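Both of the next two complexes hold chain A, though its partner changes from chain B to chain C.
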Partner chain A sequence: MKAISQSIRKKDHDPKIEGRSRYLADYNFTDSGKEILCGKLLRSRYAKAKVLSVKLPELPEGYLYVDRGDIPGDNNVNIVLDDTPVFARETVEYIGEPIGMLVGADEKEVERLLGEIEVEYEELEPVTDLRKADHAFFNYEFGHGDVEKAFAEADKVYEEEFRTGYQEQAYLEVQGMMAEPEEDGKMYVHGSLQCPYYVHGALARALGTGPDGIHIFQDVTGGGFGGKEDYPSILGCQVAVAAHKAQAPVRCVFDRREDMEFTPKRHPSICKYKMAVKDGRVTAVDCDVIFDAGAYSTLSAVVLQRGIIAAPGVYDIPNVHVTGRALKTNTVPCGAYRGFGAPQTFFAVETMMNHIAQDMGEDTIRFKEKHLVKQGDKTSTNGKYHFPVPLPAMLDEVDGLAQLRKKHEEYSKPQTGRCRRGMGLSVYFHGAGFTGSGERDIIKATAKLHKYADGTVEVLASNADIGQGVRTTFPKIVAHELNLPVEKVYYNHPDTARVPDSGPTVASRSLMTVGELLRRAAIKLRDIWVEGEEQEVEEHYKEPDFMIPFYLDRFEGDAYPTYAWGVNAVEVEVDTYTGLAKILGAYASFDVGTPVDYNIVMGQMDGGFLQGLGYASIEKMDYDSKGRIRNNSFTDYLIPTALDVPNLKVTLHVEEYPDGPYGAKGAGELPLVGAAPAYVEAIEQAIGRKLNHAPFNAEDVIAALEEK
Partner chain B sequence: MDVITFTLNGKEVVYDGSAADRLLEVLRDTYDMKSVKCGCKEGECGACAVLLDGLLVNSCCVAVGAVDGSKVMTVEGFRETPQFAVLSAAFADLSAVQCGFCIPGMVLAAQAVLSQNPHPTEDEVREGLSGNLCRCTGYNAIINAVLNASKEGEGLW
Partner chain C sequence: MVNGYAPKTLQEALEIRAHEKVIPYAGGTDLMVQNPKNAIYLFLNKIDELKEIKDDGEYIRIGAGVTFTQAIASDLVPQLMKEAVSRIAAPAIRNAGTFGGNLGNSSDKADSVLVEFAMDGCVRLVSVNGERVIPVEEFFIKRRENNLRDDELIAEILLPKAKCSMPYYYKKVGGRNALAISRIAFAGTYLVKDGVIEDISAAVIGGAAKFQRFKDIEKMLIGKTVGELKANIDEYVKLYSEKYIFTRGRVSAEYRRTVCMNLTKDFLNTII
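Now for the complex of A and B:
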């Protein structure tokens, strides 16, 4: 193990375990000693309706209501397109859409008054069936080779449809934001969030202040997983509009049901795959990917891009055609969740490959192995796998951990008896960092190091530690290059008034991209270091020279500089009487390059893997014909507990990436992506049925067994 | 019952509000015990777990009247103990704290397990922590940390 991989005590360990860390709900007063008003959202009761009137009860002194009429700037939340309003426009587009916010000193009184508001609606016909949705926010198409010819010449053509459901991030700390008008007329907005500069951009627009009129701070954040990528921009604008009108601090912290029902989650999907096989090899893939975007487009463009780029999987298929659409339904807008579109398409392609192999009477593992891409091969977008593809070695590692091949073969034979077993496999990648040229053209990250006269060094960057450890790993990199004890380097939670825009905390990019900027900045600082002087250095992102430029208009070029790789195996035992599946073992080899801190990386791998297993099995959430989500609590939407899994067996395979710090690549998202196909294949083996959707829970097992 | 008297982290306190008030809110708002987190307010997540006479309870599902005459311990009190020091060191060794939101409840759950059974098996630790949700770690590091603490803290429990 490299020296940089040796684990150190996390810098936020003590305050967190001692219960001293202050999360947003823990403020009694603002830091300037002011009382904090409580804001609660008035939400739409209908999935689609015209709001005719809002009749308020008589509001006591100090209580007020805000809606779109109170927005000083623009009623658009700056995300990708301009369709997400701060507060509803003339119509509401989903159940729970914020119409306005009621604000006052006493939370219970605010709740009581909120219940007395009378809203008059004119109901309109909502779209609550993805198959009937016809408005595409985004519509993409790309490919290479000659798919039609390959289908015409095929020995056999396979077609199948795959479905995946919602997944709720279920961070333990619910969403919450607070806005405080400051003495100098600026608005200070802070809370539980991943991307301070996203919130900054949104606020500048909604308040009409320009960038200098506001600043954003990230409080200690109790998990994000993508769920706090775009949403804090929306809630941040809402509390800021309220604070602007009240000229007092306003905080809004959701309750769990509100959070589960009305904040973004993973896009449900329908993926239609068609594959041609000739002489035992897949020669063409044609896939049509549909994501349920919900009522507003928010981040769906980028989620869909990542999903469709991954659609052909890790397989060398000469002819590729992919279409992808993010469709509007009158449901809660979907957004970012760890994996960002890729879990859906990897579920589809992995399961499709299994089904083809089974039909051909081939072992699914060997069938996948013979199609694996190699270094130098073309990617789905005519880019290149520039670096070694370690999947064969990783498969052997997982075989060693799980007895994968032996058990897979054993369980593939017909089974009888009440309890039956299965072993499933998935092989996949996760593109490291932003998709396409976003890093180069949009983010243009800058990071700084500030050295104080006493020789301590502060990292200045905008990446949020949401549990993944950048408050520890960033200083570790800098201390390593400066040959300082890590105690001399620190990284505080970012405030946009003090830190440059090093980009958002997304896309598994923080350590790989910003960590590398900091490494280079540290080298610069080392070279100019003068004892006793205050010094500052900064570093800007440069795209690696080897990259084939990416063109989004035709999905051509390197969508990612490099890839993190994953091989997962899951062994289950299914009780055919109850439908319950017990996970006997979950095994993985993950290549995220050099771990900058072994324990921290393993924490990411274990945590992501278990989220993936939840997505595969018990985490079921759906909306009804009226567009209402009913699984809005931990009672009805189950996430894995410590009892639901045995110890996960994870090993790291290190394929160093020369442009990441010490060889590190993107890590955070990878471990979630492959769990669902591995789990569902294991269930298939156990019950001897061909399956094509996830999550696959106990009810699904019973239903599948009852089918002839 | 006019007032509710209970021992909070070793000190006797007198609560003069309603007996029906939620213990979670009383601890956070009246006694400023901010280590006690609200994760769901319906007894599912364990973020608000405290020790009530040594047993783990979700404070969101306890009316304060029910703790009259009892001992309540939160991390503000538990962090002063040698058992906490061992658990904290074991958690630190495996970087078992990520976002941190579940951790105060989780540490008290670990204390509840070890005080009942100083040498638990992995399955017993999993059972004992199963009322406390963690979305970050996949539980491996936490479970392993508790098992390590039971060895390191030999004699403490």
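Now for the complex of A and C:
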């Protein structure tokens, strides 16, 4: 293990363990000693309706109501497109859409008054069924080779449809934001968030102040998993509009039901795959990917891009054609969740490959192995796998952990008896960092180091520690290069008034991209270091020279500089009387490059893998015919407990990336991506049925067994 | 702000119960979640006489204030009951949750109450005016509805010792392995002597807002030989199938039916 990989105590460990960390809900007063008003959202009761009138009860002094008429700037939240309003326009587009906010000193009184508001609606016909949705926010198409010819010449053509469901991030801390008007006329907005500069951009527009009229601070954040990528921009605008009108601090913290029902989650998907097989090899793939975007486009463009780029999987298929659409439905907008579109398409392609192999009478593992991409091969977008692809070695590692090949073969024979077993495999990647040229063209990250006269060094960057450890790993990198004890280097929660824009905390990019900027900055500082002097250095992102430029209009070029790789195996035992599946073991080899702190990386790997197993099995969320989410509490939306996954065996395979710090690549998202296909294949083996959707729970097992 | 009384004796508690509208609070694991507005609680956790587990020769008597953790550690509580309550929620809940609370809360998914149904359990109810002992199946009417009078408290659960020593069958089907509400649960006891079924009882959780037990089918089975049951097992399973009512809730009625019939058959097969 490299020295940099040696684990240290996380910088946030003591305050969190001792209960000293201050989360947004913990503020009794603002730091300037002011009373905080409570804001609560008036939400639409219908999935689609015209709002004819809002009749307020008589409001006591100090209580006020804001809606779109109170927005000083414009009523569009800057995300990717600007179609999401701060407060609803003339029509509401989903159940729970914020129409306005009621603000006052006493939370109970605000709640009571909120209940007395009368909203007159004219109901309109909503679209809630994804299959009937016809408005595409985004519509992409790309490919290479000659798919038509390959299908015409094929020995056999396979077609199948795959479905995946919602997944809720289920972070410990719910969404919450606060806005405070400051004496100099600026608006200070802070809360539980991942991307301070995203919120900054959104606020500048909604308040019409320009970038200097506001600043954003990230409070201690109890988990994000993507759920706090775009949403804090929306809630931040809402509390800021209220604080602007009240000229007083306003905070809005959701309760759990509100959070589960009305904030973004993973996009449900329908993927139609068609593959051609000639002489025992897959010669062409044609996939049509549909994501349920919900009522507004929010992050769906980028989620869909990552999903469709991964659609052909880790396989060398000469002819590729992919179409992808993010469709509008009158449901809660979907957004980012660890994996970001890739879990959906990897589920589809991995399961499709299994089904083809089974039909051909081939072992699914061997069938996948003989199609694996290798270094130098083309990617789905005519980019290149520039670095070694370690999948064969990782497969052997997982085989060692799980007795994968032996058990897979044993369980593939027909089984009788009440309890039956299965072993499933998935092989996949996660593109490291932003998709396409966003890092170069849009983010243009800058990071700084500030050295104080006493020799301590502060990291100035905009990446949020949301549990993944950047408050620890950033200082570790800097201390390493400066030969300082890590106590001498610190990284506070970012405030946009103090830190440069080093980009958002997304896409498994922080450590790989910003960590590398900091490493280079530290080398710079080391070279100019003068004892006793205050000094500052700055570093800017530069795209690695080897990259083939990416063109989004054609989906051509390197979508990612490099890839994190994953091999998962899941072994289950299914009780055919009850449908309950027991996970006997879940095994993985993950390649995220060099771990910059072994414990932190292993925590990410175990946690992500577990979330993936939840997605695969019991995490089911659905809405009714009116478009209302049914599973809005932890009683109705089940996530795995420790007793559900007793045996995770994870190993790291290190394939160093030369442009990441010490060889590190993107890590955070990878471990979630491949759990669903491995789990569902294991269930398939156990019950001897062909399955094509996730999550696959006990009820699904019984239904599949009952089907003759 | 929580308002309430914390009496130290049952007599004191009954006096308060007789004169004021209070919500009996045993472990609080449901009430803390429900958090009803302006509630005045009668906290029962300081009353030692409700925390006893006794054997009176005829019944195992479990005090209303006995926690599930306490029951699991007891030598007196029958194994079937231990198995059921050891699958309730998680250790923290089992440390607080009580038998009296589980019954008084009137949930049709209460795991200890299912066992009381299957074992012909009774409940001793007390008030300042006296006491009455009635079968649990008479006490529990349906989900959220029971026969507790406004001045009464649940004092004890009584499990007939004859049933306590019989072989049993138990299976809980939840959405996951811990912190899971029963989607289906099956509890049964039986006694076979010299190849003849001397006793049998079975109850299920399966929706329909109640616990389901069919004594008429049990009566038909008592006195039959194991051989007769074996020869006609599908007939008996069919009888149950015709009686059970399943409703859609967190899972479909079809799922409940299939699983429950699988378990019913498995139970009958266990007897053979």
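As a working rule, the second predicted complex is superposed on the first by the 707 of 708 C-alpha atoms of A that agree within 3 Å, B and C clash if a C-alpha of one lies under 4 Å from a C-alpha of the other, contacts with A are read in each partner's own complex, and residues count from 1 in each chain.
Convention: contacts are C-beta pairs under 8 Å (C-beta built on N, C-alpha and C of every residue); 3 or more make two chains touch, one makes a residue touch a chain.
Just so you know, these numbers come straight off a predicted model, no measurement behind them.
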item	value
First, second, both or neither for A:L643, with chain B first and chain C second	both
Which superposed partner A:I618 touches (first chain B, second chain C, both, neither)	second
Partner with the higher number of touched chain A residues, chain C or chain B	B
Which superposed partner A:F217 touches (first chain B, second chain C, both, neither)	neither
First (chain B), second (chain C), both or neither touched by A:Y63	neither
Touched partner set for A:F137, first chain B, second chain C, both or neither	neither
First (chain B), second (chain C), both or neither touched by A:T578	second
Which of chain B and chain C A:E699 touches, first, second, both or neither	second
Which of chain B and chain C A:T635 touches, first, second, both or neither	both
Doubly contacted chain A residues - partners chain C and chain B	635, 640-643
Chain C-touching residues of chain A, taken from the complex the two chains share	576-580, 618, 635-636, 638, 640-644, 697-699, 702-703, 706
Touching residues on chain C, where the partner in the complex is chain A	90, 171, 173, 175-181, 184, 250-252, 254-255, 258-259, 262-263, 266
Residue numbers on chain A that touch chain B, as the complex places them	7, 9-10, 12-14, 16-23, 25-26, 28, 169-174, 220-223, 225, 255-256, 466-469, 597, 599-600, 602-603, 605-611, 633-635, 639-643, 645, 647-648, 650
Chain B - residues contacting chain A, complex	32-42, 44-45, 47, 74-76, 79, 88, 91-92, 94-104, 107, 122, 125-127, 129-144
